[in-house]
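Lettered A, B and C in written order, each chain numbered from 1.
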Amino acid sequence: MSEATTEAGTKKESASGAIQIQLRGVSKSYERGGERLKILSELDLDVREGSFEALMGPSGSGKSTLLNLIAGLDRPTSGTITISGKRIDSMSEGELARWRANTIGFVFQSYNLLPVLTAVENVELPLLLTKVPSNERRKRAETALRVVGLEDRKTHYPRQLSGGQEQRVAIARAIVNDPAIIVADEPTGDLDRQSADEILALLEKLNTELGKSIVMVTHDPSAAERASVIRRLNKGALE
Amino acid sequence: MIPIRYNVRSLVVRKTTTIATALGVGLVVFVLSSSLMLSAGIKKTLGVSGQDDVAIVLRKGSDAELGSVLDTSAVNTIVGGPGVKHDGAGKPVGVGEVVVVGALEKIGAVGVANVQIRGVTPDGIKFRPHTHIVAGREAKPGSDEVVVGLRIRGRFKGTELGETFDLRKNRPVTVVGVFADEGSSYESEVWVDLDTLRADYGRAGSLSSVRVRLDSPAAFDVFKAAMEGEKQYGYLALRERDYLEKQSQGTSLFIGVMGTLISIFFALGAMIGATITMYAAVANRQREIGTLRALGFSQGSILVSFLLEAVLLAFIGGAVGALASLGMGFVHFSMLNFASWSEIVFGFEPTPGIMMTSLGLALGMGLLGGFFPALRAARVSPVAAMRG
Amino acid sequence: MTLTGLAVRNVLRNTFRTVLTVVGVAVATVAFIFLRTLISSWADASDFAVKDRLMTRHKITFVMTLPRHYIDEVRNIPHIKVATFANWFGAKDPKHDKEFFANMGVDADTFFKVYDDMVVPPADLDTWLHDPQGAIVGDVLAAKMGWKIGDKVSLESGIYPSRPQWDFKVDGIYTTKGRSVDRSSFYFHWKFLNDSQPAARKDQIGWIISRVDNPNDTANIAVAVDKVFDEKDTQTLSQDERAFTASFLAGLSAVLTAVNIISVVILVIMMLVLGNTIAMGVRERTNEYGVLKALGFSGQQIALFVFGEAATIGFAGGVLGVLIAYPFVEIGIGRWLEENMGQFFPYFRVPPMVTVTALGLATLLGLLAAAIPAWVASRLRVVDALRRVA
């Protein structure tokens, strides 16, 4: 595990918690047009509990692929991934789905809110995977919206919200189940500077106040600044 | 697990496609429901005329009253048979009638139609408890007055109350009454005095059929045995119910088969339409599905959700189609009854069973049509939620 | 790379959806062909009627008979080449009492001269002429009942009760030239029928069929025949065979109308399925159309793409439908109908015109269905279209 430096050269405290995410010898290849493309080669990675990690690298470096693997959206071609003691590379589709619902909160670049549901309904969605009764669900969703400051927009549809507001709703959805890890893929990619800053501040809050681990892929140097660890990927390997 | 309102709202959002597909399903259900209703209507029209305790005797070898010739003397033999009810005065309850087909000129359309004409005795109306005069009066026995059924009135030249038409050249008859009989086939007949008809049609001394009222429905078997036992008589005895059912069989089967065949074609076509729609929906919502999967919804829940959406779509269309077909209940259909070579007016008979079947068809179409698209939706990888 | 090439590739792009749509159109085409064949096999029966054949029956109703001597008078009328008569027997075979078939007693010497479209091997015809209780039956009927030449058949008649049972021997089986007569009838000697009648009911014939020498003049000859009997107690009504057939079909007019309506409905469904697919394709390719327009293609050219695609799918579906229809409708359903409902569908053949119409309609409907999507595509503003790029 390396102590990262930001572009300005100052060191930030790296998290001191136990190792939460552990990758050993992880490779990922795809078949495309008859050819085998190797995206990641024999990666080793440790992420500590409570860490705020930024993954950076040029286009095609495999950072999104790495994120997908950590989030349990995809499986490695070889190698092991252990998260909080569980080997997720060997879980079945069904087990992975349940694991994701309990462990991961997602923030996507294009927000990915369901257009036919209102803000509060979108936030409630992950709770449907639990045994929480319906009135309790509604309350928790509203609470999550309050955390991101959008409770007054709870009956609005995504098309009635600005980009920044949509992303905040998405973040509320990401935390409503109280997951241990938040996975964010270019969360500010589609936003203007001001909205981007708001989002990043939120993420920081989730990390420092609520203790959630965050793994974030980003191009944006100011986003990377907020992280406690910066990792660079190039041609499928960590630098 | 995925809330239904997701599916409902998704359907609403793509209004045009949803309506087009639902319309297709609705049309199928409408056609199936209507033809089943017509088939039931035919059975009802012909069956309703039948009474449980009435037996009809025809010439052996004939299919219908039209093709049966009995000697007048047969009446005494037949009404004297075992099990025949006797009235207060000790007279056996039975009627012998002649049935012919005549050509009447249509009003409002070119040409003639073949109409069943029945020569009846004064007891004719009394024998049938559900028959009653609804306009005018009964015809005087032995005269050239006639009564016409409800479905005849006004549809042919000279069949309105008070008008006359020619039974044969220079033999006019006057319509003095109109009768109704609960929508049965009798309502498509003209009733003439038996002797007048026999004289005009050269059928002196013969009958087409004899109907008797039995003491009870159970007395039929003994009666039948007696009638058919004497080979030299050459009689065929049937319960009136069974006779009428045979009359309707050919026609109602024909309509039923044709309607079902056509509906199957339709169903295939509409189902393919539904499948295409659902596939497109899945393709457009890749990102949504990926997100749901990423959040942790299982493949099974996605499958069920999309299947439900297809079924919902089909059901809406089917319900509209079924409701529309109920409107056919107000339509009347004049058709040639194959057994009697005459035209009878049929109605469309809605029954709960038919409605169930039609809606069931819609559900089936939704399930079958939506299955493979739902399968494809379930296979969408969570990675689809990410960009690219 | 040409414009057509681009259009073709667009069609092949989402192969699965295209295939599904083509199948949908094919199914609708088969249904359409089936329904039109149904109508034509009924309604056109009169088209195949022999043009110089005249039917003369009782004026009031076909149920009543004519006096036998009427045939002699008809034979004397000018322009009548040859005349015969027949009586409806209305009998059933008690061994197959659920099977209905037409059976008639006919004037043996003249019947097959008037109906020369029924072909009987001369040797068999000769046997029959000399066998008073002989019968000649249609090939489809013989096959259905399992009758062979030499078999004994007994019938029971409801109309002629003078015998409880009528015994016949099958002397010959007729086949048909052309489509003017059915293949499921049973003919025997009228003399056999008449000899068994009580005196009061002797010498009655059902209807007279004659051949005239001038087929263009049947209307006038028919009037002339009826005039001969107008003053007598029993009047006649003469019609050429076409009108005679048509009058029976009149009773089915409501069904025919319903079938006509349904064939239109099928076309509507076809259009909906096609239109849906095309519209979806247009929505998906908005971006591409934007690029094409930016490059300089006109709205009309874009519309042409859409039309071309729709017409191709429609045509392909029509062709597939026609290919399926022949074995399925004509050989599958058609044969079944001919055998089991031979009185109503003696010939269930798909008329070539129907095939051509179906193909044309499928293509045409494709074009119609594409009209609105094509218009929308042609009016896309480049800016809007390109903005939809992710």
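Rule of thumb we're sticking to: contacts are C-beta pairs under 8 Å (C-beta built on N, C-alpha and C of every residue); 3 or more make two chains touch, one makes a residue touch a chain.
What you see is a predicted model; the values in this text were computed from it and never measured.
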Shortest walk length in steps over touching chains, subunit A through to subunit C: 2
Chain whose mean Cα position lies farthest from subunit A: C
Pair of chains joined by more contacts [C-beta pairs], B-C or A-B: B-C
Chain with minimal offset from the mean of all protein Cα atoms: B
Chain centre separation in whole Å, for subunit C relative to subunit A (CA means): 70
Whole-Å gap separating subunit A and subunit B, where each centre is the average of the chain's CA atoms: 66
Approximate Å spacing (C-alpha centroids) for the pair subunit B, subunit C: 24
Residues within subunit C bordering two or more other chains: 390
Residue numbers of subunit A (touch at least two other chains): 110
Interface hub residues of subunit B, defined as touching at least two other chains: 387
Interfacial residue positions of subunit B with respect to subunit A in the complex: 1-3, 5-6, 9-10, 12-13, 287-288, 290-299, 381-383, 385-387
Subunit C contact footprint on subunit B (complex, rising order): 16-17, 20-21, 23-24, 27, 31, 58-63, 66-71, 100-103, 111-114, 167-169, 201-202, 205, 231-232, 234, 250, 254-255, 258, 261-262, 265-266, 268-270, 272-273, 275-277, 279-280, 333-336, 341-343, 387
In the complex with subunit B, residue positions of subunit C that touch it: 16-17, 20-21, 23-24, 27-28, 30-31, 34-35, 38, 59-65, 90-92, 94, 100, 155-161, 164, 200, 235, 247, 250-252, 254-255, 262, 265-266, 268-270, 272-273, 275-277, 279-280, 333, 341, 390
Contacting residues of subunit A [partner subunit B, same complex]: 64, 67-68, 71, 73-74, 93-94, 97-102, 106, 108-110, 112, 114-117, 121, 125-126, 128-129, 173, 185-186, 189
